Amino acid sequence: MKFSYYPGCTLKTRAAELDVAARQAAEALGVIMEELPEWQCCGAVYPIARDELATRLSAVRALDGAKRLKNPLLTLCSACHHVIKRVNNDMQTDDDMRAKVNSYMDLDDPYSGETKVVHYLEMLRDEIGFDKIRERVTQPMKGRRISAYYGCMLLRPSTVMRFDNPENPSILEDFIAALGAEPIRYPYRNECCGGYISIEARDVAREMSRKIMNSAVKRGADTIITACPVCLYNLNENGTGEVPVVYFTELLAESLGVKEPEGGLVHAR
Amino acid sequence: MHADERKEAETIIRASGVNVRKCMKCGKCSATCPNFDEMDIHPHRFVSMVEEGDIFALMQSKSLWRCLSCFACVERCPRGVEPANLIEAVRLEVIRPLAGNRLRPEAIPALLDEKIPQQLIVSAFRKYSK
Amino acid sequence: MPINEEGAAFKPLIVAFCCNWCSYAGADLAGSSRLNYPVNVKVIRVPCSCRVNPLFILRAFQRGADGVIMCGCHPGDCHYTSGNYFARRRMALLFSMLDYLGIERGRTRVEWVSAAEGAKFANTMNQFAETISALGECRRLEDIRCVESEI
Amino acid sequence: MQKIGVFVCWCGSNIAATVDVEAVAQASLSEPGVVFSTNYQYMCSEGGQSAIRNAIAEHGLTGIVVCACSPRMHEATFRKTAAVAGLNPYMVEIANIREQCSWIHRDKEEGTKKAIILARAAVAKLNRNVPLIAGESQVIKRALVIGGGIAGIQTALDVADAGYEVDIVEKTPTIGGKMAMLDKTFPTLDCAACILTPKMVDASAHEKISLFTYSEVESVSGFVGNFTVNIRKKARGVNSDLCTGCGVCIEKCPSKKAKSEFNQGLCNRSAIYIPFAQAIPNVPVIDRESCIKFQTGKCGVCEKVCTAKAIDYAQEDEIITRQYGAIVLATGFKPISLESYDEFQYNQCPDVITSLEFERICNAAGPTKGKVLRPSDHEPPKTVVFVQCVGSRATVECGKTYCSKICCMYTAKHAMLLREKYPDTEVYVFYIDVRTPGKSFDEFYRRAVEEYGVHYIKGMVGKVAEEDGRLIVQGSDLIADKQVIIEADMVVLAAAIEPDPTARSLGTMFTASMDTNDFFTEAHPKLRPVESPTAGIYLSGLCQGPKDIPDTVAQAGAAASKVIGLLSKDKLVGNPCVAACNEPLCNGCSTCELVCPYGAITYEEHLVVDHGVRETRRVSCVNEAICQGCGACTVTCPSGAMDLKGFTNLQIMAEVDAICR
């Protein structure tokens, strides 16, 4: 199983754990993650406005890079996945946008959305299968009560993202169960953590993050996992601090026995 | 309506790709918004004010900087109206002209802590500046 | 838009065969919903799309039609249970033969329009007229004797 | 040579505004055969019709062209007019210059040109018309009603009371439908069972009505007045003739884990069951999926305890073939699935329920004996939130674009009943609009607000979250421009309603057309609201569109009167536009027989005169009573012997020529 991999800027710096653990786990699962030879920051927010052209180009470059290598494009950071998947959708469905982008990029072979964009979690679910992962787990997380925090970017808008049920997602819970832990569901797992607002109004992000964390803790979670560096930052820095928030890949690498345990749960506190 | 304002309304409708006339005024967007209390003009009013061409008031609105683009309103709207897209389009109208930026590069270092992920700064920058 | 010799904008002549139960009712609904479509679309009512003899279509092209469209009930919804299936197969063969004779594929079309699809009828006619406008006049099968005898 | 009169209608300004009617009348005078033309404000009015009759007499017309609205509207009218004046009704042609001309074209010059051409085409066709005489066919004096809810029951009773036999086919084990599940009915608050069960008993006791419950329509053939229908009687596993309805089998059945369909899955039932106490017939059914005997072969308790020896595990489905003159579709509705509305947590929280579930909870015969209790902990709720328009008026994929019509009223009813029974309970209703057009309806809703103190909040609910055993309802209050958070104990969702899923296959089977929402379409939305466009098929109740019980009963009666009108005729005048074989051209190849969907074509040895040679040949013969006039045979005939009266090859060719000239 081979993918072109788009790590994104944050995974090279502040969220290196997300990236490193993902690579370790992929290796153990026999998945080849081939980092795109050239990539740029995706821009972190999807350019909603239809007259925004330049801000779409870096995503298209990544998509076209994977197309030339004839690979599906694997993403890991929620924001990157959101941006790249939606820009890809524009290239598939918006004739006007496709024409403008292609005339700007001047590619030998025009790009029109041929690349399949796959999030790491989708890869685990659809390509490998959680049953297979359950078999590969060497250090099952018995007795652990883990909550998943989805955030916004992976789920919405569901008509484009097609990731999971946007109001009652289950992919991370299935993932947690596959690792041998007990998934703890709570109603705010798809509510916004505040995102970039914390740069301007930290109190707003604090209120939102606390509501999320409180809800999970009340139901007995001992850890929260996420796929998004901003979500992790907000929950850890603006939450109640009652339970650790880690990347899902860290847990994966740990239970597959390919990661030193001490690097895992004490992260970022 | 002022001619400039009418032009702004047209730009916003074009750039957002939203058909405001589809709105049936049920208020589910405002019911859904996680940051409702921080906004002076609420999502459902954004839709009706764009429909009425009341753009200058929207351009002054605090809501522009409080919408998180979480897409909950887009997801749950029963008629596919996409209020978040309208807010984005108005925000762009404010920051696109020179001196419209809300966030200046010089201001950033003071805002940082050592754990802030790059992605957060980039998103804030993309949302608040051009 | 193509311009003919007189300098007027070319308005293609389109003959539309519509079955009485679905498509003709759909065309009526387009009318009662006041949906515009080109004036040169002329509808001929037949009981069922399977009543459309290929000869009618050849005749239309022979007499100067620029495009012919046949509309019927959606597959499975034929008032006579199976008529539209016959029609679909007949037209597939006829259109392929017409293509061979030089009547481009774009000039012939089969579309299923139900009695509830007034908007679809109008849209279909608009698109079809646009396609044919782009193709220009169709003189390939025109019967020269008819034209001369009229002079 | 024909003597044709052309009559151009103004239709008030509907036609005259965009078509120069005088010019159309003048232009048609130059067409071959036309000897007279005129125009008039309303051709379909008595004045217009008498003008036609006079002209026929005065000018000795042999045919008329009426340039007016769609032939689907008034062709029949003008044919009658012609007949009164002594003209064969099939010597009438309509040029559709309203729906297909004046209403779609804004430019008067262009519109007039097109109208002239359409008139010319009609004249060209009429020049080749010949008088046609319609055949007659028998009417079988029995009606079939599909669906045994209030719509089907009412239609059946009305038809049976007029003296005709009626069969009701109902797919579930009992008649009664959705109304049997309801508690009270708006706006009078009388109990649904009290008004429905007597009707159910009447239907089962009526000597003219036969019930086929737990049965489905398998196939149909024939045409108006003469349908043949195969009905599949599904195996109950219980012999209805022997069963006494004592209920011992139900009591003793060891498998009691199946979800009760009648109680909306809020409680369980046994594998052998009757849906509810007043079910008709009072004969149990074995649900083979949950029956231990059928699943494992062991058990047989019901057989042992049945003193009447009515249990019959070996019973098989039975196909019954019956003939009918008329068929009524009364297939009803169901609430939509709330799978895609997880923001309301319907699938996650047991205390988030649908309105139909709430009906069962309110109902004295329901799972809680009429006490309003939370499904999760059987505690009475202190705060209840109703959410309206869940899935109605939505253009997104998972919703329905239409208004479900009944929700505003039943929600007001629920709110009122709750406040009456439990005055301490706070009741909130989130609404987008309150729609109460109906007799005493708005007064009813106002009573909920003014007398019962129900809190109506204009806005929608965005999210429901369960925290500490309570439901946090986050909604908007558009009047106050606020987001409100209500901590509730129960949330009731007014789910949109949609046609029963079986309607789709029945629609195909009966060629009864449907709209994009799978509601059956009526022959005319205003003037023929209870007839399907297919002759002999009638519509009753919610299968035609959202409606409440009073409307349903009214429509059921209307459908019954149409059925009675049909069944009261001894003979039906057929459609004379049928296929006809030109025998000298027929070579007896059988191709036409193969494509005929009705089996109307047979082969007979006939004496044929071909170019002066008399010989006996095998030729195709059309049974005019069976032929429906689709024309499939005419196109398939390799020798061109088959033609369709009223739509002959020459007629259609003439139209093509006229249009392309």
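As written, the chain order gives the labels A, B, C and D, with residue 1 at the start of each chain.
Criterion: a contact is a pair of C-beta atoms (placed from the backbone, for glycine too) under 8 Å apart; a residue touches a chain by one contact, two chains touch by 3 or more.
All figures in this text were calculated on a predicted structure; none of them were measured in a lab.
Student: Could you let me know which interface, B-D or C-D, is made of more C-beta pairs in contact?
Tutor: Of C-D and B-D, more C-beta pairs in contact link C-D.
Student: Just how far, in Å, is the C-alpha centre of chain D from the one of chain C?
Tutor: Once rounded, the distance between the two centres reads 31 Å.
Student: From the C-alpha centre of chain A to that of chain C, how far is it in Å?
Tutor: Once rounded, the distance between the two centres reads 52 Å.
Student: Could you tell me the distance, in whole angstrom, between the mean C-alpha positions of chain B and chain C?
Tutor: Chain centroid spacing, chain B to chain C, equals 48 Å.
Student: Pull out every residue in chain B that's touching 2 or more other chains.
Tutor: 72
Student: Find every residue in chain D that makes contact with two or more other chains and list them.
Tutor: 343, 463
Student: Pull out all the chain pairs that touch, please.
Tutor: All chain pairs meeting the touch criterion are A-B, A-D, B-D, C-D.
Student: Within the complex, which stretch of chain B touches chain D?
Tutor: Listed in rising order, the residues are 22, 24-33, 36-37, 42, 44-45, 72, 76-80.
Student: For a test of understanding, state which residues of chain D touch chain C in their complex under the given definition.
Tutor: Residue positions touching the partner: 70-72, 96, 98-100, 103-107, 110-111, 113-114, 117-118, 121, 507-508, 511, 513-516, 521, 533-534, 577, 595, 597-598, 628-632, 634-636, 644, 647, 649, 652-653, 655-657, 659-661.
Student: Which of the residues in chain A end up touching chain D in this complex?
Tutor: 159, 165-168, 185, 187-188, 191, 215, 218
Student: Which residues of chain B touch chain A in the complex?
Tutor: Counting only chain B, the residues touching chain A are 14-17, 34-35, 38, 65-66, 68-72, 74-75, 84-85, 88-89, 92, 103, 111, 113, 115-124, 126-128.
Student: Using the touch definition up top, name the residues of chain A that touch chain B in the complex.
Tutor: The contact residues of chain A facing chain B are 8-10, 13-15, 41, 43-46, 48-52, 55, 77, 79, 152, 155-158, 166-167, 191-192, 194-201, 204, 208, 229-230, 232-233, 236-237, 268.
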